[in-house]
Amino acid sequence: MSTVKLVAENTMNPRVRAVFDDIKATKQIDRIPNIWRALATHPEHLELCWTRLKAIMRPGKLDMLTKEIIALAVSVTNGCEYCINSHTAAVQKLGLDNEGLGEVLAVVGLYNQMNRLADAYQVEPDILPKVE
Amino acid sequence: MSTVKLVAENTMNPRVRAVFDDIKATKQIDRIPNIWRALATHPEHLELCWTRLKAIMRPGKLDMLTKEIIALAVSVTNGCEYCINSHTAAVQKLGLDNEGLGEVLAVVGLYNQMNRLADAYQVEPDILPKVE
Amino acid sequence: MSTVKLVAENTMNPRVRAVFDDIKATKQIDRIPNIWRALATHPEHLELCWTRLKAIMRPGKLDMLTKEIIALAVSVTNGCEYCINSHTAAVQKLGLDNEGLGEVLAVVGLYNQMNRLADAYQVEPDILPKVE
Amino acid sequence: MSTVKLVAENTMNPRVRAVFDDIKATKQIDRIPNIWRALATHPEHLELCWTRLKAIMRPGKLDMLTKEIIALAVSVTNGCEYCINSHTAAVQKLGLDNEGLGEVLAVVGLYNQMNRLADAYQVEPDILPKVE
Amino acid sequence: MSTVKLVAENTMNPRVRAVFDDIKATKQIDRIPNIWRALATHPEHLELCWTRLKAIMRPGKLDMLTKEIIALAVSVTNGCEYCINSHTAAVQKLGLDNEGLGEVLAVVGLYNQMNRLADAYQVEPDILPKVE
Amino acid sequence: MSTVKLVAENTMNPRVRAVFDDIKATKQIDRIPNIWRALATHPEHLELCWTRLKAIMRPGKLDMLTKEIIALAVSVTNGCEYCINSHTAAVQKLGLDNEGLGEVLAVVGLYNQMNRLADAYQVEPDILPKVE
């Protein structure tokens, strides 16, 4: 159960309402995900989070599927249940099937292992060429 | 300084030598990265790690750049210096410029933040459609 | 469900009973929180944990609200559900309202992001003045 | 060594320059910390990060020392060297002496321990009163 | 609820079936643990994971109880609920009683604390003798 | 460089001196490791940390090598450089050779991977027998 009472979707707070409306329009969804209803208990923070997420999570040099795959890789590495659930659904909606999902997770699992081995042996960075 | 003495590239151990040769051929590089020279202190583990990495890090449903981006996202989230150094060089070699790198890291930073907020408010997962 | 059977509040083990009584008296509560009932399966460890927590979690240079805020920030960063639940309740009991809680979490979220970006770019520490 | 070439403080990029000038004015410092010079390789991301940090890291319900203490607690829990260095200097500059710093870290250490114990025993959350 | 539909134990996929049979024979169990049924959605990854786990989780220089204790220490530090549950059961099955489990967790808790304190003070490594 | 000035080994502070002397006698070493000299900037916290570590890190149900292996597994999973260095030296001093060390790290790497996969697929715990 969430630690704060989730703000109702039809709240009368104009600042929150504007963000909620923008979330629905931008993501083309009918219901406000719970995370935004929790963040709405502090309207200014809600705005800051949404504005930034909206600016970052749009196609740029990377397409949306790649961005959602990164979001999933981070969420899995941090073990965040809510976010794993939501970003798994997102990559599936963008067309990644179970085989593709398995590939993503194979890479995530592999480097969670390799990261620890590199740390464990305190391996010094290789001298690598650098792009400017 | 590494916690074990790195195995020399020209080691006479045949098991290690076979892996070292395969690493050079597969990655088309002239020098063995330090992590493999550390793992070589336990030849069986070296084989297990390399065989698996080789099986996963090849083009499949995902292309190599996407796989290296995932490796970087995981390494950054875990704060592994050696791996960040090596996977940053890998994505750059595969053509990602500083703007693309900035986009990757913007998404990584964003979800390291959002993961904690979802955990903090103990938000329950939304009911989402599932692909079978 | 906990991995061990929680020790009953009215246990006859004198060592455990002494700690349980001190917890109730110190925290002015009527029920023993579940974590202490789990730790009581190893009475010596229970004593070590409680003695140390009691020595640290009292007003000193920092007041209790600040200490509970730190406890919450750590618990959120580690994603510990039990602890997030318990320290959120603690800061609320000490008077922090939803706006204050939102501020705490905004800072926690911000630095979970910034930590990863500093690691990602492998930024070297700035030269800063040091207090002796 | 950073993975990208740090942008020079006197860069001619107007977008970056505007942020750099605002950082100096807001923080009342003469030099741009390295993290901002790294982020400047992606000017839009630099703006997003700085705008948000500036909005959060100012006195509100919490004073600046408390906010910097939270930043330090998060950075220590994540093991981010750059950030630990910078936020330790920040709390010292705001007047926290070694005894106060020791208290902060005692609480951080304590809950990194307790978080793991609560997870280890899979303790179920206590039923606690909730503030609305 | 798992993010993918778990593969049935009696699946007709020959590659998956071979791994499932080997898991039952090796671990001397009647039912396939859920993690393997999830991994089976990507048969090649299932094989890679099982082959490697089987090669590592057998008596060598270390006995099985020590290996399961390490698995538990890692799982607790990462806060992985599924794995904590499964490795706690494994060490108990291998004979560790609640007092022994308490000792393991005392060490795990202690070093989660000490790790953060060493990071917090940015203590430089001591000069220690090294075994070659 | 450490964030505080390390307390000199021959400090005149009696509280610190008593702990330093006990560390030398208990560990049979001639020099105080840097972590204790950093903690000594807050004598009460130094005492709390040392007293507890001394009570936990002695032979009990588990022998010292197993306890140091757990300490290493935790330190690697957290990526703490100072602690990895110190606990690697400790297990080597207690007789673990490079092959044994490789086995420890193989298990640590394996479960850092498996933990993330179990989280990623949000696998529900298996129903397992429980020891009381």
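Order of writing sets the labels: A, B, C, D, E and F. Residues in every chain begin at 1.
In this section, a residue touches a chain if its C-beta (ideal position, glycine included) is under 8 Å from a C-beta of that chain, and two chains touch if they have at least 3 such contacts.
Remember, predicted model here, so these are calculated numbers, not experimental data.
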A-D or D-F - the one linked by more C-beta pairs in contact: D-F
Listed chain pair A-B, B-C or B-E that repeats interface C-D [over half of contact pairs the same by residue number]: A-B
Chain centre separation (chain E, chain F; CA means) in Å: 20
Gap in Å, rounded to a whole number, between the CA centres of chain F and chain B: 27
Where chain D and chain E are represented by their mean Cα positions, the distance between them in whole Å: 34
Of all residues in chain B, the ones touching two or more other chains: 3-4, 39, 44-45, 48-49, 52, 56, 77-81, 84-85, 88, 98-99, 103, 105-106, 108-110, 112-117, 119-122, 130
Residues on chain E engaged by chain D in the complex (per definition of touch): 72, 76-77, 79, 81, 84-85, 88, 105, 108-110, 112-117, 119-122
Complex contacts: residues of chain A adjacent to chain D: 3, 5, 44-45, 48, 52, 55-56, 130, 132
Parts of chain C lying in touch with chain E, wherever the complex brings them together: 3-4, 39, 41-42, 44-45, 48-49, 78-80
Complex contacts: residues of chain B adjacent to chain A: 1-4, 31, 33-35, 38-39, 49, 52-53, 56-57, 60-62, 66-67, 69-71, 73-75, 77-78, 80-83, 85-87, 89, 92-93, 96-100, 103-104, 106-108, 110-126, 128-131
Chain A-touching residues of chain C, taken from the complex the two chains share: 79, 84-85, 88, 98-99, 101-103, 105-106, 109
